[in-house]
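This is the structure I want to talk about, given as structure tokens.
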Amino acid sequence: MLEKLKQEVYQANLELPQRGLIKYTWGNVSGFDEATQLFVIKPSGVDYDEMSPDDMVVCNLNCEVVEGNLNPSSDMPTHAVLYKSFEGIGSVVHTHSPWATVWAQAGMDVPAMGTTHADTFYGAVPCARFLTAEEVNSNYEYETGKLIVETFEDKNIKPNEVPAVLLQGHAPFVWAKDCAHAVMNAVVLEEVCKMNLFSKQLNQEAPALPQEILDKHYERKHGKNAYYGQN
Amino acid sequence: MLEKLKQEVYQANLELPQRGLIKYTWGNVSGFDEATQLFVIKPSGVDYDEMSPDDMVVCNLNCEVVEGNLNPSSDMPTHAVLYKSFEGIGSVVHTHSPWATVWAQAGMDVPAMGTTHADTFYGAVPCARFLTAEEVNSNYEYETGKLIVETFEDKNIKPNEVPAVLLQGHAPFVWAKDCAHAVMNAVVLEEVCKMNLFSKQLNQEAPALPQEILDKHYERKHGKNAYYGQN
Amino acid sequence: MLEKLKQEVYQANLELPQRGLIKYTWGNVSGFDEATQLFVIKPSGVDYDEMSPDDMVVCNLNCEVVEGNLNPSSDMPTHAVLYKSFEGIGSVVHTHSPWATVWAQAGMDVPAMGTTHADTFYGAVPCARFLTAEEVNSNYEYETGKLIVETFEDKNIKPNEVPAVLLQGHAPFVWAKDCAHAVMNAVVLEEVCKMNLFSKQLNQEAPALPQEILDKHYERKHGKNAYYGQN
Amino acid sequence: MLEKLKQEVYQANLELPQRGLIKYTWGNVSGFDEATQLFVIKPSGVDYDEMSPDDMVVCNLNCEVVEGNLNPSSDMPTHAVLYKSFEGIGSVVHTHSPWATVWAQAGMDVPAMGTTHADTFYGAVPCARFLTAEEVNSNYEYETGKLIVETFEDKNIKPNEVPAVLLQGHAPFVWAKDCAHAVMNAVVLEEVCKMNLFSKQLNQEAPALPQEILDKHYERKHGKNAYYGQN
């Protein structure tokens, strides 16, 4: 079942090390099928060299395995919560990409300092708080998903406008309408985290991007009258 | 038309990711034909793997498409303004190369701190101010070009002696007599931005290059009595 | 003798430059055979291109060469002490990987600041003090091993829970149950050292990972009820 | 003439970009023939793809071209002065490798902070002062060589024990008994410059390597009783 999506998810997982986002098996990509309300995710801890599209695991939004002989990624419940809560997203990516993780470990939101950021994220990428001991010890990965949703609600951020989050002391989760775009958003986040860190070191007073430039760049790619690309 | 130039522009665009200046489609190179006063530019948002020389778009200095089935790069009007205003340049490159973008986000000129800089740029590479809300909301990409020209006039910098600019909160534009040299200048700028950042961190009092060494290195490559290379 | 282990040790040594942990011959991997109480180690200063599995040197825990025509790595006695003192380890890796060496030169323990760390190291990776002049001038490499053991005893750290150490002014030693995991642990240490450095620069108050998250991540991979992977 | 040396010099020049020390043609390697007192050097500004061993230029210690159809590297006179002044060296390498250039631009000696340094350089790598206007305007490249020699004399450093120098505002020159070792020393310098920068950032009080460890590591590779490697 869902053979085409399995192929997409498999390819997107391979893209993570190719794009320098992960080493070994430190990441996972899933893809969601709107029609069946099922999602396909990478198996846990399997070497990429030995992995095939058939090894992808199919799960439902109750965090149950529907098809597959292997254990799904241990982060599977986080993915499930995001698909259940964030309308319209078709793929979730988790990595420990180093520059984004640097910001996560610092416990800081990533401000919109430039147009590279504004082309993808309409405002700062939030950093969610540490999970509490209680959350950690009940159902860790599920609570992680809930915390992400809570963070977007509390800060009044629209997940389709800012498709990424950092988890304090952990690393990023990123999403998009499909796998290729979710991986791309993870690359953008990584690049922005690297550049913003050094811009702040170079000039402690470096300002955030003025609102009108943020609007302009986000809108020319994602707005109603977008004119970037061939559409 | 302009088949040879299309080939050059195509190749130079491919060189951007190969040299680590861009990821995905975050950059564009154009080339100018003096005889026809037309320029050739990359189409907007097309994957490099799927792009061919025939996909390049031909435009005139009034920002009109003269030939081509695809939309030109959304930054096309910036290129047009530069060709119209900066005499003798034959190619313009725009990237979001990370170290140059770090300086752009910091809103700082790149000082001439070493001979790597002086071999290409005869003095500091200026950082143009943020565009105003009015400029952003009228004809953003055209106004970007005008701001670059204004910056060089205000600071009394000769665009053929300092063939690059940073736009605050955005990224660099770079130029040269032809596509290969424009890409090379973009590489030099990127390298210099990386090195200068860390030289300043290592020694806050690190001085600019003395004028006579700046002169010497610039002149031995670009002066009347240049003796670098085989000419 | 020990042909299979020689092959593993050979492959693991080749992996060091492939994973960006070393340049030239600045590292060494050994593997221990529990049954014979012998270990196999890379020869000293031999180019990787010219090295074959048969060039690996077999040594005993008294630092004597048992088989092999080449000199063993000059760090061989350090490996011997670790195999003698740290029960259950099957491989030792030494590199001068740059980010770990940065921390070693700073003389600082690497704190557990994120889950990337906690997935492998159950707490801070200690930095052992400089060797004394007396230690340096008696039997340097052997004393290095003894100092590592002393460091773990003094700080009451279990070597199987924190399978790595930094030597002040020198570089890391890392270990694991087998060669592939020892190289992986060296990669984790390198990545963590890079990220922690910049997290601290971004936020001087960046906290260590809360104990419950450290426990959770370490236990889900290495604990009795581990559920990461396919076992 | 000197065909074997031309081949070595050619190969060593190709190694510079392969090892990440240079971009484009921003570096040069030469090799010295003791018997004839001639040296072979890369031509100036020729693309590496188009260069062959036959393009190497033969010069004498008076800075005259003895054989070759191309202009030698514009830095040729610096190489000549080093061969004339530093007894026993067989190769000189010049690069603008970024981390070494960072220190050169900062105008700072590179202290011996770790054993990676001590394995190659017996003490700090000195940074020579800016050339004076007079030196720049008389015979720049020749004066550069003289300044390097003066620096080693003034600081009482033996060029065979510390085979590298930084030129303030410029970049490193490195040497060794042959081309392969000169390139290796340039790689060591680059790595050490990167690591020391960040060690100092991590711990402003990070100490230099104690003298006895510096002695030990330098001597075990280069001393009378060296025991590193297979000799």
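Chains: A, B, C and D, in written order; residue numbering restarts at 1 for each.
One rule holds in what follows: a residue touches a chain if its C-beta (ideal position, glycine included) is under 8 Å from a C-beta of that chain, and two chains touch if they have at least 3 such contacts.
Here's who's who by UniProt: A, B, C, D = L-ribulose-5-phosphate 4-epimerase.
Values in this document were obtained by computation on a predicted structure and should not be read as measured data.
Peer 1: What is the graph distance from chain B to chain D, where chains are linked when they touch?
Peer 2: Step count on the best path from chain B to chain D: 1.
Peer 1: From the centre of chain B, which other chain's Cα mean sits the farthest off?
Peer 2: C
Peer 1: I'd like the angle of the rotation relating chain B and chain C after CA superposition, in degrees, nearest 5.
Peer 2: That pair's rotation angle lands at 180 degrees.
Peer 1: When the C-alpha atoms of chain A and chain D are each averaged to a single point, how far apart are the two points in Å?
Peer 2: Roughly 46 Å, centre to centre.
Peer 1: In whole angstrom, what separates the CA-based centres of chain C and chain D?
Peer 2: One centre to the other, that is 32 Å.
Peer 1: Considering chain C alone, which of its residues make contact with at least two other chains?
Peer 2: Within chain C, the residues that touch at least two other chains are 201.
Peer 1: Would you please name all pairs of chains that touch?
Peer 2: According to the stated criterion, the contacting chain pairs are A-B, A-C, B-D, C-D.
Peer 1: Would you mind writing out the residues of chain C in touch with chain D in their complex?
Peer 2: 23-24, 26, 43-46, 70-71, 74, 96, 98-99, 101-108, 130-131, 133, 136-137, 140, 169-171, 197, 200-201
Peer 1: Inside the complex, what are the residues of chain D that reach chain C?
Peer 2: It is residues 19, 113-116, 119, 184, 187, 191, 194-196, 198-199, 201-203, 206-207, 209-210, 212-213, 215-216, 220, 227-230 of chain D that touch chain C.
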